[in-house]
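Both complexes below contain subunit A, partnered by subunit B and then by subunit C.
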Partner chain A sequence: MTETTGPLLTVRDLVVEYRPGGGLFGGGASFRAADRVTFAVERGRTLGLVGESGSGKSTVGRAILGLAPVEAGSVLFDGIELTGLIPAERRRLATRIGMLFQDPYGSLNPRMAVGEAVWEAPVASGSGEWPVRRRELAEELLRRVGLAADALERHPHEFSGGQRQRIALARALAMGPEFLVLDEPTSALDVSMAAQILNLLGDLQRERGLAYLLIGHDLALVEKAADRIAVMYAGLIVEEGEADAVLGRPRHPYTRLLLEAARGGRARIPPAEMRGAQALAGCRFAPRCPAADGGCEERAPELIETAPGHAVRCPRFG
Partner chain B sequence: MPPPASNPSTALRRFLRNRLAVAGLALVAALALASLAGPLVVWTTTGTTYQTPFPGAELSAPSWSHPLGTDRLGFDVLTRLLWGGMASLLIALAATAIALAIALVLGLAAGYAGGWVDAALMRLTDTFFAFPSILLAMVLVAVAGKPSVALVFVALGATGWTGLARLVRAQVLTVRGAEYVNAARALGLSPLRIAFRHVLPNCLGPVAVAATLAVGSNLLGEAGLSFLGLGVRDPFPSWGSMLAESRSFFGDCPWLMIFPGLAITLSVLGFNLAGDGLRDALDPKAAGGGEE
Partner chain C sequence: MEGDPAILEVRNLRVEFRARGAAPARAVDGVSFSLFPGEGLALLGESGSGKTATALAVAGLLPPAARATGSVRLAGRELLGMPEGEMRRLRGAKIGFVFQEPSAALNPVLPVGAQVAEAARLHGRDEKLARHNALDALRGSGFPDAAARFGAFPHELSGGLRQRACIAMAVVNRPDLLIADEPTSALDVSVQAGILELFAELRTGFDIALLLITHDLRMAARTTDRGLVIYAGRAAESARTAELLERPIHPYTQALVAALPDLGSGRGRLGEIPGMVPSAREVLPGCRFAPRCPAAAEVCRRQAPEMAEVLPGHWVACWQIGSVKGAEALPEVRL
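After this line comes the complex of A and B, so read on.
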């Protein structure tokens, strides 16, 4: 079943929980890393998912790939429900959904030559002409992401962080995906390298009609690439809307703080224990919120649409 | 955290800078050369094998014609030592290969599958861990009816895999959480391919070290079993059985005991030094990493 209209990916009320321990003697309270997360990614567009570390943004990305335990909710990709897929069906979808990981040093197998890293998955799954033309196709892809053809025989340790991220990107593209989860793809790189990678991602998006979920903690980087932006705090989406609206008229105090930090102002976000926030009865951001009043700690706010396509989770809009 | 992505060429350089490691490697190489080529060389040049008697020369002290002396039956000790080395080395290698094969399969399965598979396999490992190789060898000999070379390495292999299996499992548990394994899953690779192409190759460094050390301990184990008469049997020599024979004469003919003893000591030392050096070369952060 394929829908040609509507969003490519729809995440609805997604809940991801980690249980400590596990196994025979496991137990203890589970930790809800993502809580009723809802958003949609349009074909060929980019949704930026922003938040501090620990906000649950990477967890959401991993859950889409089946790398995090989904407790409840739905992830609909082009009409296909991804939660609860059996492993074999999930593996088949790897030709359509890919991921670029944060750490280019950790995400490449150190014992595998670059060429094989690129062609392994498409050859194994018999995709396109890969089984018969693996070398040419891998070389072509590596050149497209800005690497020399002799990269094929070399190993990851011979490359810089930026080059490794290009290798990881070539590997993800080899499957011919329509959608990529980009989990902080530039946070391990220096500023100029990060800009190059983002430019490359933009070019590839236009060339191939790719849709991206761009996860990042730095609003300044995400705003350059994203069409829509969702801001996460302590497992919840606290603001979501078109990039212009969220950046131009931020409603949530947390978004404003992130924006100030991104605009080169000193990061004035008061530090706090993010884990404790999940247990609060009222607004999870209230203890750190510069605009909080007494009522904020009493009622848990819902995500409220304050303008068409722009939603905010803040007690003062309740 | 994934293990340090050790670059093979830097690891080699680090190994070669470590004098003890090189000495160990030299000992191992000398042992391998002497015991694999030695018997052939002696036989083609002098026509002497491990059971060529020299009548009238029984129990003679080291001399020009018999550099390490002769034994009770007038056999040349040097020749028998070379043949015995072949037996000991091949048995130790075979035992290690068996242990390694079992350890890789079980350790990989336990570490990768987790859950009840892991629990069951680890209890099995504990059971075998508590089982002495000598006892198993005696049971096997009793079942088979007579001692044989195959029994020695099967007994050593079947009891020697437990430590290696635990090591493989521990490595797998570390590597399984590595981001490149998540990346492989995200690419839709099959669990078997991930296990053998992504997890296993990154587990092998410490396992290679442990296997090298295991060859040393299997040499010792073979000597022990043959000493007790459970292993290599007359007339074929092994270092353990040569030691056992020497007991009756060690007051008058110390060379019968000294040279096999020395051979065992030096080879075990060689494998241990080489194994330690390999460990330091693969993981510069380990204690005693030395000059890095």
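After this line comes the complex of A and C, so read on.
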């Protein structure tokens, strides 16, 4: 079934839990890396998911890709429920959902020539004309991401970090996806290379109508690409809305602190204790919050819409 | 050297890497700068610019396949060609080094306190004094509950705290010079501010000179006084870092500034430098930035420009600065 209206991806009340395994070190408490996470990504648009290390932002991306243990909730992609899919069904969807991670080296086989890395998946799955025209199609795609035609025969180690990220992007695009999970795609790159990759992602989005979930910790970079922004803290979305509203009129004290840090302000955010925060009865950010009062530690706040399309999870807005 | 106030003086530094069956790669090609006690200097550039090779040459940490020539003087003593044993004693005592990835610099199976103390012990402190100095260094590096966490293992700490432990290790012997190579790139933006502030405290509190290696001009402007922009092994521009950010003159520095995302400017494209840094094996007779430069002319491809002082304390190596945006009002540099 294919829907043509409504968001391309709808994540609703998603819960991801990691349980310490059995064996010698097993038996500890489980850890909820994502807690009742809800958002939607529209076709051809970008949602920026931001937060510090340990906030759960990468976990959400991995859950969408079927790489994290979903405990509850729903991930609806174009009307198809992704949670609980058997591997064969998941593979069929791999043509429509792609990914790009921070370290392209980790996702590229060092022994495989770049051309083969690009055509491997679409040829194996018999996608489009790939089985009969793989060289031309791979060359075309590599050129589109800014690499010379001779890249086809070369190996990943012959390329710089920025070029490897282009190869990984060509590989992700080969299946003709509609949606990409981009997890810190420029964090390992210099400013100038980061700018090239981010601009390229923007061009490809316009050309191909791609939708992105852009996961990042650098608000200034995410702002360049995102239509909407969701801010995560200790597994929860604490603020979500149109990018200009969240960055221009932030409501949550945590968003404000992140913004100040990104502007180079001297504000010190007390060290994160993401795991400990999970056990708190009240607001998880209260121990670090400059605006917290006694009430914040008593009642866990819900995500409340404070303006149309702009939601905040803070006890002071409830 | 008598009467020389600079703590570090680098003159005409060249670093070459030799590989069997390939032309030698000149990663650093005639870089000069000096650094005074308590001062902060940023070496700026992209991957492949030679900034890290410069830092490693200063610290005597280049791999065996590399050869450094020119001069590197620390408090008047020549470091290039110094025997390894002597260099090792100097490093750690007089030069501290902080790397990008704190997890790689720490031993995972030793408590952090013991690792900091070991750095002090290696340089002549007895067991008790080493421990005492280590605790001091951890406290001075903003390590909260240093006494209680002295026995903590690296994996029990956040990335920010691990980096503070590495900084404590680098400064436990009160060095004259601290070299930090992209020290906050692996950290969250929210943690970076605290680390940068720590560098400022170490400089003013202990008169430690800071050599910061980074590709982020904005971070450099927050942390250091002066900056030297390096491109493909050669100096391109040198000025106060605030001035480099606000009034870059070299087309390369201008492009680096344009590539920085500016928070609050909304959705849109970032400034882009087409292409990439040439390989250190490539021989280019002229300006090494010319193939990527929007202002390049014939002379640029033929002959390498020298650094010239175009404003007080502001040096640029560019043939075209009369025609580069932002430099119109500057005096013409003689070709």
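To be clear about the criterion, the second predicted complex is superposed on the first by the 311 of 318 C-alpha atoms of A that agree within 3 Å, B and C clash if a C-alpha of one lies under 4 Å from a C-alpha of the other, contacts with A are read in each partner's own complex, and residues count from 1 in each chain.
By definition in this document, a contact is a pair of C-beta atoms (placed from the backbone, for glycine too) under 8 Å apart; a residue touches a chain by one contact, two chains touch by 3 or more.
Quick caveat, the model's predicted, so the values are computed rather than measured.
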Three-chain arrangement built on subunit A, subunit B and subunit C clash or fit: fit
Contacts of A:Ala149 with subunit B and subunit C, given as first, second, both or neither: neither
Contacts of A:Pro110 with subunit B and subunit C, given as first, second, both or neither: first
First (subunit B), second (subunit C), both or neither touched by A:Met99: first
Which partner, subunit B or subunit C, touches more subunit A residues: C
Which superposed partner A:Leu85 touches (first subunit B, second subunit C, both, neither): neither
Subunit B versus subunit C as contact partner of A:Ala225, first or second or both or neither: second
Which superposed partner A:Leu280 touches (first subunit B, second subunit C, both, neither): neither
Touching partner for A:Ala40 - first (subunit B), second (subunit C), both, neither: neither
Subunit B and subunit C, minimum CA distance [Å, superposed model]: 8
Footprint overlap on subunit A, comparing subunit B with subunit C: none
Parts of subunit A lying in touch with subunit B, wherever the complex brings them together: 23-24, 62, 65-67, 87, 90-95, 98-99, 101, 103, 105-112, 120-121, 124-125, 156-157, 168, 171-172, 175
Touching residues (chain side subunit A, partner subunit C) in the complex: 52-53, 160-163, 190-196, 198-199, 202, 217-221, 223-227, 243-244, 247-248, 257-259, 261-269, 271-272
Residues of subunit B defined as touching subunit A within the complex: 2, 5, 7, 114-115, 119, 178-180, 182-191, 193, 197-198, 201-202
Subunit C residues touching subunit A - in the complex, by the definition given at the top: 46-48, 144, 158-161, 188-194, 197, 215-218, 222, 255-256, 259-273, 276
